[in-house]
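Naming follows writing order (A, B, C, D, E, F, G and H), and every chain is counted from residue 1.
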Amino acid sequence: MDTEGAMARLRHLPFEDLGFANIDHHRALRHGIPEVVFAKGKTPEQVIAIAERLLDSANNVLITRADRECAATVMQKLDGGEYFPRSGAIRFWRDRTIRGKGTVAVVSAGTSDIPVAEEAQVTVEIMGNEVVTIHDIGVAGFHRLMHYRERLTEARVIVVCAGMEGALPSAVGGLVSCPVIAVPTSVGYGASFNGLAALLGMLNSCASNVTVVNIDNGFGAGYVASLINRP
Amino acid sequence: MDTEGAMARLRHLPFEDLGFANIDHHRALRHGIPEVVFAKGKTPEQVIAIAERLLDSANNVLITRADRECAATVMQKLDGGEYFPRSGAIRFWRDRTIRGKGTVAVVSAGTSDIPVAEEAQVTVEIMGNEVVTIHDIGVAGFHRLMHYRERLTEARVIVVCAGMEGALPSAVGGLVSCPVIAVPTSVGYGASFNGLAALLGMLNSCASNVTVVNIDNGFGAGYVASLINRP
Amino acid sequence: MDTEGAMARLRHLPFEDLGFANIDHHRALRHGIPEVVFAKGKTPEQVIAIAERLLDSANNVLITRADRECAATVMQKLDGGEYFPRSGAIRFWRDRTIRGKGTVAVVSAGTSDIPVAEEAQVTVEIMGNEVVTIHDIGVAGFHRLMHYRERLTEARVIVVCAGMEGALPSAVGGLVSCPVIAVPTSVGYGASFNGLAALLGMLNSCASNVTVVNIDNGFGAGYVASLINRP
Amino acid sequence: MDTEGAMARLRHLPFEDLGFANIDHHRALRHGIPEVVFAKGKTPEQVIAIAERLLDSANNVLITRADRECAATVMQKLDGGEYFPRSGAIRFWRDRTIRGKGTVAVVSAGTSDIPVAEEAQVTVEIMGNEVVTIHDIGVAGFHRLMHYRERLTEARVIVVCAGMEGALPSAVGGLVSCPVIAVPTSVGYGASFNGLAALLGMLNSCASNVTVVNIDNGFGAGYVASLINRP
Amino acid sequence: MDTEGAMARLRHLPFEDLGFANIDHHRALRHGIPEVVFAKGKTPEQVIAIAERLLDSANNVLITRADRECAATVMQKLDGGEYFPRSGAIRFWRDRTIRGKGTVAVVSAGTSDIPVAEEAQVTVEIMGNEVVTIHDIGVAGFHRLMHYRERLTEARVIVVCAGMEGALPSAVGGLVSCPVIAVPTSVGYGASFNGLAALLGMLNSCASNVTVVNIDNGFGAGYVASLINRP
Amino acid sequence: MDTEGAMARLRHLPFEDLGFANIDHHRALRHGIPEVVFAKGKTPEQVIAIAERLLDSANNVLITRADRECAATVMQKLDGGEYFPRSGAIRFWRDRTIRGKGTVAVVSAGTSDIPVAEEAQVTVEIMGNEVVTIHDIGVAGFHRLMHYRERLTEARVIVVCAGMEGALPSAVGGLVSCPVIAVPTSVGYGASFNGLAALLGMLNSCASNVTVVNIDNGFGAGYVASLINRP
Amino acid sequence: MDTEGAMARLRHLPFEDLGFANIDHHRALRHGIPEVVFAKGKTPEQVIAIAERLLDSANNVLITRADRECAATVMQKLDGGEYFPRSGAIRFWRDRTIRGKGTVAVVSAGTSDIPVAEEAQVTVEIMGNEVVTIHDIGVAGFHRLMHYRERLTEARVIVVCAGMEGALPSAVGGLVSCPVIAVPTSVGYGASFNGLAALLGMLNSCASNVTVVNIDNGFGAGYVASLINRP
Amino acid sequence: MDTEGAMARLRHLPFEDLGFANIDHHRALRHGIPEVVFAKGKTPEQVIAIAERLLDSANNVLITRADRECAATVMQKLDGGEYFPRSGAIRFWRDRTIRGKGTVAVVSAGTSDIPVAEEAQVTVEIMGNEVVTIHDIGVAGFHRLMHYRERLTEARVIVVCAGMEGALPSAVGGLVSCPVIAVPTSVGYGASFNGLAALLGMLNSCASNVTVVNIDNGFGAGYVASLINRP
């Protein structure tokens, strides 16, 4: 098949122009991929307008990074949403088919990293996966990590959220042989530089099975983990 | 002609000392160039005092980066202003002659980049140009960009506003042969470092027709685009 | 099963102390995972000593980042090696069983990124995968990317190597629905800051299926791609 | 006209696959745009192979950033080249039609910035423009800048190359009303951080008619200046 | 004279321990040097306690960086203070002897830099100098700078406050032959990085008579200018 | 003894899973080591839940970085706490045995550094040490430092907290022969970059007896100082 | 005792002026503290002149960071030196009294970190301590770390050298209760930024018993470890 | 006098165009100000051409930053030069009139900082000043600083060169009441980041009489010191 054919496919993809946003409707064609609205930087009215159109045709819709004001407006205007205040996620979940082959583990290094882990968990669930969550197992208390080793080795892919020094993905990566997606978090102070220390640590991981996403990007980690978990 | 002559011209340029500001009045001599007041860091009283003097002699006056408090005071004290709350621009538009040779396209990568694009659009319009605006066409949805390709290739110069990774100017630059002015925006989070990632991406663009302005500097991009669009 | 059992497994893992290095021998137990020696910072003698021990028990051994002097010494002392001078990889490939479920695509944005792509390719091959390589398809020449779209959509996972602005992973990510592993390269000059611009761009990718590894880390990307491609 | 038509145009664009490079041949269709090979990071053999193909169909070909070894090999293998050792440019100039409407001024702040200015000059010339060059006019000796003011105001677009503090584009920008393209150079030491200080200075220019390209990117500045100078 | 003698002098220097602060009283011995309290990071109570002790023995006392709450408390508790709300300085001025040999010029590049210039001016005055202030003369409007050239060349030392690109000290430095003290200000946005761009620009000034102080440090610049202006 | 034995010890270490936190109880087995809760990023409810469990089995419990709202809730719900509002520490101190061999000196360079010094002091005390505190002795007033020299040389380990340039640890380090733990503080403005300048200064100290902890990490410095002071 | 007495002591400290260096001779008065010459940035002649004077009065002398040329000259001119080419240390060891109370462990995360660990080891030995060295135990192979746990828990202070992500000090710190001195090394590539990633990771360690020294500063770590190990 | 008059003066200033450089000849009109050529980035031929013209009309000429090759060519072609290999300065000194009112002290913190101090010293001397030099007095050996205190307090202005942490200017600044010009040097390693640590330290100095120049800029410091020392 040639370029012309590929182009033909590309050009018939539908989208809708709202003036301030161009909405794709074809992603839903891939089963289990939710439509996603990143709320930060958009007005509540824009978020609602986009979500409304998506809800018309999509099964599952996920809004991320909605602050309290935005979330209150959305929950009032749109039915069926589930709000997660720690991470700012709002989930419209209609098709709960499990599509993943194995389980996805979502791990946090400390209690303060849980909001980011929650964003990953909400994403992994709405994309049709079984999730195991483990919180507060930093590298300085290795016996805690060992306690959960069995559950970790059973996972098909693992999301690890850690701030400060960001060393947990390496330790987890050394214990398992599946892919590990590292999420640096902005948790910390001083020379953590809002997650930069954790990000650099993870990029330089001595474990070969680790890849990295943006600081606090629990959604992205959960999204890729779900793709990897497809059969 | 010699240095002495050039100096002679220079030294007769008029300006007016308000104590806290020295106001140039000769820019208006160049047709279609508006007088501009950058409001950030100035008190509402200073902004009004400067704008009043400019309005005495200039045709068009543009105030940029006025916050809500400053804008309210300005709109109350000075007649004929048009306020754009997303970008903080206030426009006093008296001479609407079209001076540009072609159209200027103002493009944003995402909905959150619209405030910066609006500052560019307001500037391009007050400098006497026809404008085409296209919003929310990121590189990950290339079919949307292709949809607007015709409009882009018809423009004589294009302003592209993008945050996060800042890749849109390269993609647009590769589609057209006119100059592209890239505006990195502070939209993003984590390793976007308030627009630094987009800025660096644009400076390293693989498209040769791209130049860059400061983060969020929609005004500067619109200003240069207008100069380029002169016959 | 409890922590005690997990510990029991952990403590029986064999390794060998060479004084300057502790060599694991249990990784080879996982089928198709090669033993790897990172040569940079080690003397040729150290590299050879480690590789010799690994070759005693492992099927496949990969040495990465060997400079010309180191490679010459290794190739002279150890039989059966295949040297890739662009990337500095040396491959001892004994078990060529294909273990991957689909194909892995390895893509480079420009000719100068090929050494990094080669490291990824060598890794993906030695881990038992079919590889498709595509070179020199930057975002500013989108028609080239479209030409190869069919091959990209057929891959089960894609490694994308790009320097300068690092925008290619987003464009590829938007065309396919499989995981994309982005490798920023140190190719560029000035404000590329030895790969930092590309790294930041990739971390801020607007495509949700992109994760990132360290600058120039073709090995790591190939390693994770191979894990993802396992059935 | 619709997306389909745009796509149709896109997909017929010719390119040629050399294995390590995909060569576009359609750029030459736009009159006066040279084919360009960026030599840094490519082997002399790769540079020659690409240049040979381009010379088959293009009128003008420009190789940039060729080091002495690469240049020697190229000059020996390919006829008709003109080598500029300060900037590393090699120019194959066959069509010398003047296509620009006015003159382009290329300015350097100091003697050490001349190599970058030369790259801009060579580019501007091969794209069919009349060039005026002015060297060594820093802001601390303003009388020198005034001496050349007449020539600067006569230009239709100005390229300004400056290292260290990078203040010259602002001073030039304040004297003229045409677009100014600022090129930060890596000239300097200590807190110039290889051109970062100049880059930041130029991005924050108080002159509204200034846009910026990458550090040492004389080619890019000359390219855009040529586009702006088109009628 | 030997080390022992120097030590003897050192060890008899008086200071007073308030528990949270050790107050020197010997600086006042040098005529015209005010006692200074840096209010930022101290509670209003601490500022008042320190100022009270200083006012007992010193002629002139200067409090810098007092926010509105702190200033209100200080002005209420201590008599004779003069508050400058733009810069946060509070001046207790009892000895107004002129001690400087010539005049000190304090210059700002833009209206928004005036608060920093004010801190310098207040300092220079309380240390017994005649001051000339000139505001809003940026490098992009060189004719304004030339207008004030006479006043600048008459000064014995010049303080120049500038944000954004920070180019004014170089331009002033090129016009005069006295020392210029450059104060980068945090005025700007985006790639000004809170004054970093101006700081780097000033450190790389092409004018040899420029030295630099910390971002927004009007006090330090005024202090050193006063020392230089001593006969 | 072998790995198996070490593992055996490790795996019996007790911890308790609260869902959002895994609490270790074995640290208290080491005499005089308090249980510590880092409150920043945790909700008041989480802090209280963790502290309650720790208070059941531990002698001494220390909560750090509690903001006013968190502290108010904790003090209301849990008995016996002592709140230090400057540093945000809350101390539950039951076992006041002195375990340190000598005294620990806690020094601050300026009044604004006292909150960080207080965190160190509270930590050192709860870990069973005699403390000497000295405040406001910067390097520019060396006679003040000399005044306290005797007390400094008597200490067995010294914690030095300093912001801005962070030079005090070097000066103290040169006067004594015991270990000095340097704590950079975020005190300063402009080019202090929130403590980065102090951090870099301390890492480059010319005194060989200086080690460094994170910016504002008074707790960490006090913790290590206490360990060093053990007999 | 008062300031005067302290001063008296200070002023009688002997030093010797060589023109280019002022040599202290009183450090040797503290038993077991070697005189140290940092060779980097000094000419071989300067190093020899300083070392000669020190060897006249001191027992033990340590030269650090001597490159091969410098070392060759020193070894030829001065008798009794022991050269360590990996770290560039030269040791003149005359008094081998053991002064430390316990053992000092020197640990490296990887083979490439050994040169830095060697500098620490050489320092610790010349200061009169028993040393245990353990190499190549990274966090991704936790079973190796566990193998050496017994030796680590027996140490009175531990120096841990690690490049790349720098996570080993946290893992070691969690296993032991003695002070851990972390040495980030410049081992790594890409986003390790010559040791910056390791440095930031260590400063943000979640283990409370970790302090940090400069990148590659094995000497400093060994020096402080020796002071801590004093009875 | 008005702007016109100032301009008149400006426009008659002589300069000479060499094609690659514009040479000012009017600086020599100010007595004792040498003409200066910054050799870095210029070819030996360019340096010689410029110096030759300057030597025709100026009394004193100073070439800075000449590497060995450049210096050899210059010394061979031009008579009367004095070469300082450590700093790369070449001095043509014809008018040795002492013009300074007092002495200038040039101080270095360590032996490795001497090349930078030498550049300052050579500059100060050629501008007609008495110089006192003091080397190797770091803050960790305060008794050495005290030894030279008398000489320091006698100076009218002090240049202090220091790498690593850059703390010496603050300590010197606290001992004297004259202006101190701080020169950060690139001496150090690791987290000194080529002088950045010293630069930041000096900018944040707690001594109010300190201003700063660029890293390694001994010339600039000597130049300003000479201006300050004028009567």
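In the analysis below, contacts are C-beta pairs under 8 Å (C-beta built on N, C-alpha and C of every residue); 3 or more make two chains touch, one makes a residue touch a chain.
Fair warning: this is a prediction, and the values are worked out from it, not measured in the lab.
Engineer: Moving only to chains each one touches, count the minimum steps from subunit D until you reach subunit G.
Structural biologist: Shortest path length, in steps: 2.
Engineer: At the interface of subunit C with subunit G, does the proportion of residue numbers present on both copies reach over half, so same, or stay under half, so different?
Structural biologist: Mostly different residues form this interface, as fewer than half of the numbers used are common to both chains.
Engineer: State the chain with the largest centre-to-centre distance from subunit A, centres being mean CA positions.
Structural biologist: Chain H.
Engineer: Subunit A to subunit B: how many Å between their CA centres?
Structural biologist: 36
Engineer: Roughly how far is subunit A from subunit G, centre to centre by C-alpha average, rounded to an integer in Å?
Structural biologist: Taking the average C-alpha coordinate of subunit A and of subunit G, the gap between them is 44 Å.
Engineer: Per the centroid of Cα atoms for each chain, what is the distance between subunit E and subunit H, given in Å?
Structural biologist: 25
Engineer: What positions in subunit G touch 2 or more of the other chains?
Structural biologist: Correct list: 3, 7, 10-11, 110, 141-143, 146-147, 190-192, 196, 199, 203-204, 214-215.
Engineer: Quick check on the complex: what are the subunit E residues that touch subunit F?
Structural biologist: Counting only subunit E, the residues touching subunit F are 10-11, 13, 15, 19-22, 24, 40-42, 46, 65, 184, 186, 194-196, 199, 214-217.
Engineer: Residue numbers of subunit H touching subunit G in their complex, please.
Structural biologist: 110-112, 114, 135-137, 141-144, 146-147, 187, 189-192
Engineer: Under the definition above, what is the set of subunit G residues touching subunit A in their complex?
Structural biologist: These residues of subunit G touch subunit A: 109-110, 138-142, 164-167, 170-171, 173-175, 188, 190-193, 196-198, 200-207.
Engineer: Quick one: which bits of subunit D touch subunit B in the complex? Just the residue numbers, please.
Structural biologist: 1, 3, 5-7, 10, 30, 33, 36, 143, 146-147, 149-150, 177-179, 181, 199, 203-204, 208-215, 219-221, 223-224, 227-228
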